[in-house]
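Below are structures written as structure tokens.
Below, subunit A partners subunit B and then partners subunit C, in two separate complexes.
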Partner chain A sequence: MVKNNMLKRIFETTEFVTFTIIVVLSVIIGSINPAFYSWGMLFDILRASIVFSIMAFGLLPVIISGGVDISFVAIAAMSSYATHMYLLRIGYEGGILLYYLIACSIGILAGLINGFLVTRFDLLIFNVSLAMYTMWYGFVRFFIGSERNHNLPAGVANFYSRFLLIVENQFTGVTGLHVSVLFVLGIGVTIALLLRYTTLGRGIYAMGGSRDVAIRCGFNIKTITFFVMMLMGGIASFAGVTFNLLSRFFDPTIFLGQELDVIAAIILGGASLSGGRGSVIGSFMGVIVIQMIHRALILTGIPVEWQDLMVGILLVFFISFPFIRDSFKKLTLKSSLQKP
Partner chain B sequence: MADWELRAENIYKSFGGVKALDDVSLEIKQGEIVCLVGENGSGKSTMIKIISGVYSADKGELIINGHRYRNISPIESIRKGIQVIYQDFSLFPNLTVAENLAINDQISSGKKWVNWREYRRIAAEGLAEIHVSIDLDQLAGQMSTADRQLIAIAKAIMSEARIIIMDEPTTALTQKEIQALFSTIRHLKERGIAILFVSHKLTEVKEIAERTIIFRNGKKVLDRDSQGLDIKTMEYYMTGRELDSFWSASASKLKDKENILEVKDLSLAGEFSDISFQLKRGEILGITGLLGSGRGSLALSLFGVTPPNKGKIRIGGNEVSIKNIQSAIQHKIGYVPEDRIREGLFLDQSIEDNIVASTIDKLMNKLSLIRDHEKTGLSEDWIHRLNIKTPSGALPAKSLSGGNQQRVVLAKWLANNPDILILNGPTVGVDVGSKAEIHQLIQNLAEQGMGILLISDDIPELIYNCDRIILMRDGKISSEFERGKVNAEELNKAMIGNLMDGKE
Partner chain C sequence: MKISKRKINKEGSTSMNLRIDRQTLLLLIIFFALVLGFGIFEDGFLTQRSIFSMAFQLPEIGLLSYAMMLPYLVGGINLSINASSNLSALIGAFFLLKFLPLLNLPDIPALQIGGVFVVAILVGIAAGLFNGILVGFINAPPILATLASMAFFTGISVGLTKGSTLTGFPQSISLISNTSVMGFPTPFLIFIGVTILLIILLNKSSFGFKLRLLGTNPVASQFTGIENKKIIMLYFVFSGILSAIAGILIMSRTMSASYQYGIRTYVLLTILINVLAGIAAGSGKVINVFITVFILQVISTGFHMLLIGMRGSSFFKDFVWGLLLIFIFIVNYFTRNKGTEKVELLGLFRKGKSMNE
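On to the complex of A and B.
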């Protein structure tokens, strides 16, 4: 009975729906083109998901707390480009560690500014982030530089080809499991534990569920807001550096316009923009779904417009999922009541 | 356990010149069930907020267990065992029952890490203390109102409450759930926990109170043992006048009136089925039943919100189909919703705009612009006719008290001259004085020839107003009562008894 209940609960989660979609997509794509079932393809999808997953993990706590931020992409672009230009100027030749350290610190500071504006003037996170989004992209191009830079210090130049495993495949060529999937794993597990097993993490859910009640219960809303904004800034910058290193250039306008893709992935993973819902594993699967749809294009020869249409349809389904589930529940409840 | 006691002495509180509390004293002893009664604006909520530390009194003192407080802080009030259960129950809808129950302890103990097993243990203990069993893994937002209330009570007990203050706790409960709540309250009393029950449902007050305190205009006007205190006396003290005259409706003269509405075999899948009845001009027909019996969805279907999927509706002898709200309005049906805040009013808009909202088409000139002076004239007329208490029609609707808001909703529909008026819980959350006036208004409307469907679970309200009462259960009509052939107790029994043999 207890076990039954637990299973039932898992089936009712949005994460389970996302998982089902991944399975269904795999079957469909694989049946059209069996080349889909290969290690190479898996590694390829994972590699394409690395940066998005990390950004999604950073944004997720903000969304759970009931806010929507778009400035994280600008923070990522600004901090990683600024770090790179600074390290180039001082003639840095070392490894990736200092890149991550400096960029994440800048990101955390940027998040701190967002948090300050939101709490000090009692503003909506979205409004502040809209301003910051524009501001940081402007800032980096005006003060730091607007040119793409391909000069990588010796210590980081080969990072793009650090693989844990390499496979060869006639369709994808030589592909490998890039070492940065470990970053995804590390950050993902950390955020998941934070959200599930710390009082602060539960406070994030509580605040998203009901702000007033959270205040009445004694949660410090300001602390939570500061925390999620700074965490987001730091992790976004981490994703920014990773993206630039993998692409072997630093660009001040990376991710411009891609903030909505990250938000879409989080929603596909079962989060709600009104707050209180969402999970790390769900967000990861959301990113995978989007990447699979992109791959499906190449593998099945379906036109490019199909991608956006498909993601859009899935989004419609997901934002209405709680409603569909609840009305379905209500119907079954009613009919069981009416049975004599 | 040492005896516990709360006293408030000579409390004064005013807001911008308006005296909310004027030299009020009261005391509550360990294990007492005290009901605090009063119309809206009588100072009940101000008193609660002073006791719980949300407001500070201008003058006066609180004495808790011998400690004197000039002003108490919210946290100190909680530490002294004062717990308020607000109408939203202070629960997180997105968290499980277990977490909702354990989270206060988690925060107050300053723990940084969450132990989920510990959560479940704390939660199970808390629920065991009030002898209820609720699935700990369900999300609080998916529970019924009654269950959420029990969780809130368990939460209060767990923070070592010595007095639990309940603000209008029965508003969204069915009769059966109210009885369950009362037995929990009596159980708490046995454990020495005092209850301050704030309500204006006098039948309930009579049933549960050991002592009744009545406030009127910021003053305490009655404080006595509930033994032998009848509802009429309570009403008198609450309003300061005899309400009797309002409640004796004139005998109906409906024999030769034609049917204005006929409903035949109306069904909506999952909600109600095979509903047939007739409504005559000038008749007040009551439709009642427990929550979930289909009374509410029937009303919505007749108003075109959720069109029925089977059955016939005849209005004035002609068969019509009501596919949406617009067609309902065309057929001169008006609907006053249950939840006026969410469904009936634009709270931030002016009273004037609210009143003309359903008649706006008629106020437009050839260019589809609104004739402003006519709009003002029309709304002023209704403000006057329905005795809406406001200095100006330009003020936002949210500036009005509950009873006056309800009148604005009524005015909105009456301005449209409906033939049939559907009232869904017209006096929910309205104080006794306004309630009597709304009842009077309903009866006047019926006398003028309007057909009225009064949907309510307020049994006295039905008995006093309706010519006939239809009782619904599980989406079907289960019985029908004529005026004068049923009293409140019988109707109550039919409603609850119904449930008993329906479920068990």
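On to the complex of A and C.
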């Protein structure tokens, strides 16, 4: 009985819906084009999901705590570009470690500013992040530089092709599982453990569930806000550096306009914008769904100009899914009530 | 009893006396300070030409800000405004390029302009209904629903045009943005007209009242007998109409229609304007949005003139917009605290205040 209830609970979560959609999508795409079932395709989807997953993991605690932030993309762009320009100027030739260290420090500082404004002046996270979003994109392009830079130091120039595994396939050519998948795994597991097994993590959920109750339980709301904002800034910068290294250029406008995709992925993965709900694995699946939709359209041979519409239709279908499920449930409930 | 009486007095007399809302005052001060500052440091700023060009540029973003304001008043959001404005303009363009020539009508500007307006606004209404169904009936969170409809509308636009830009409209279309009436550019007059209509709609109609109630407390509004779903449909439809008008102005100014006009910047800019104007669930004034649009335009034009020729000069305004937003938040924080003290001293609305906080 208990087990039955648990199963039922799993079926009712949005994470399960997302999972179902991943399965259904792969069956459909695979039946149209068998090339979908290949290691190459899997690695390709994973590679495309790396940066967005990392950013989603960074943003997830903020969303669970009940806030919506959009400044993380600007922080990522600003910190990685500033780091790159600085290291180029001092003639740095070393590896990726210093890149990550400096960028993440800048990101954490930027998060600290967000946290300070939110807690000191009693503001909404979304409003502050809107200001910081505009400010950082303006700052980096006016004060640091507005052009794409292709000069990479020798130590990081080959990072984009550092693979764990390489497979060859007649459809996709040579593809590999990139090293940075380990970053996704590492950050994902850390955040999941933090959310699940630490007092701070439980505080984040409590704050999102009910602010007042969390305060009365003795959680320090200000500390939690500072923590989630700094964590977000640091991880977003990590993702920013990774994106730039993978694409072999540094650009001050990366992710401009893509903040909503990340938020959508997190919500598709079962988080609630009003806070208190959400999981790392769900967010990851949300990112995968969006990447799969894009891949699916290429593989199924839909003309390029109609692909955006298909993304729209699939998204509309996806958000209507819980509604369809519920009305179906109501129908069956009604009929079962009428029978006896 | 006493409280309720004073409240009625206060609300009944707002239109008569010149009580200014704190946010409006702050925005006006900032506006005049900026105009004065730029006027002193930049010779070309207060000339007729630059004022005319500002009045020419701001109606588009102003109308889109109103389109964002309606959902924002309910604590929702409409991310699809730009997509639906581009879609409306595109369908209007198709009407001009494909449908009108079939009728073999003489070249009457009024017919062409009127036709474009009707077609575009119908598309705007359809887009609004689509959003309204997703949010009102399917109960999707507005941010997700309108993100999906943004992709959907952009998708239709891209599909119909195969990603290209439509041009070659009859010359009459450029009349919408190129003429001026009594010294004012026509788009600016359209903007003023829409502003007045919107003020009436939000303050004098039952729709405006229900909208604010829905924004303050959806559950209470449901139990008051307001059909929440109908209101949701309506404000998305109005939002769609406003976007469509903005789409026509853009189309007339550029004499082209494309899916990608303002695609990555306009939506966030309109949210920024609404937040600056102090619009929040259940409260907010049209006039604040109106002034804020002017402020952003003055900053944009002013710094463009001051920093002309500098590398990346057009990005400095983004930086200033962000700082300005934070500045307003901080000023509001301090004046708000003083304000409540005053209110408590007078013993007015103490109960209402603490419930709002």
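Operating definition for what follows: the second predicted complex is superposed on the first by the 302 of 340 C-alpha atoms of A that agree within 3 Å, B and C clash if a C-alpha of one lies under 4 Å from a C-alpha of the other, contacts with A are read in each partner's own complex, and residues count from 1 in each chain.
Simple rule for what comes next: a contact is a pair of C-beta atoms (placed from the backbone, for glycine too) under 8 Å apart; a residue touches a chain by one contact, two chains touch by 3 or more.
Small disclaimer: the values here were computed from a predicted structure and weren't measured.
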{"item": "Touch count on subunit A, higher of subunit B and subunit C", "value": "C"}
{"item": "Touched partner set for A:153, first subunit B, second subunit C, both or neither", "value": "neither"}
{"item": "Which superposed partner A:30 touches (first subunit B, second subunit C, both, neither)", "value": "neither"}
{"item": "Partner chain(s) touched by A:199 [first = subunit B, second = subunit C, both, neither]", "value": "first"}
{"item": "In the complex with subunit A, residue positions of subunit C that touch it", "value": "79, 134, 137-141, 143-145, 147-156, 158-159, 161-163, 263-265, 268, 271-272, 275, 311-313, 315-323, 325-326, 329-330, 333"}
{"item": "Sites on subunit B touched by subunit A in the complex", "value": "88, 90-95, 99, 103-104, 106-108, 111-114, 116, 137, 141, 270-271, 292, 474-475"}
{"item": "Subunit C contact footprint on subunit A (complex, rising order)", "value": "68, 70, 117, 121-123, 127-128, 130-139, 141-143, 145-146, 256-257, 260, 263-264, 267-268, 273, 305-313, 315-316, 318-320, 323"}
{"item": "Footprint of subunit B on subunit A - complex, ascending", "value": "5, 9, 196-202, 205-206, 208-210, 212-214, 216-219, 275-277, 330-331, 334-335, 337-338"}
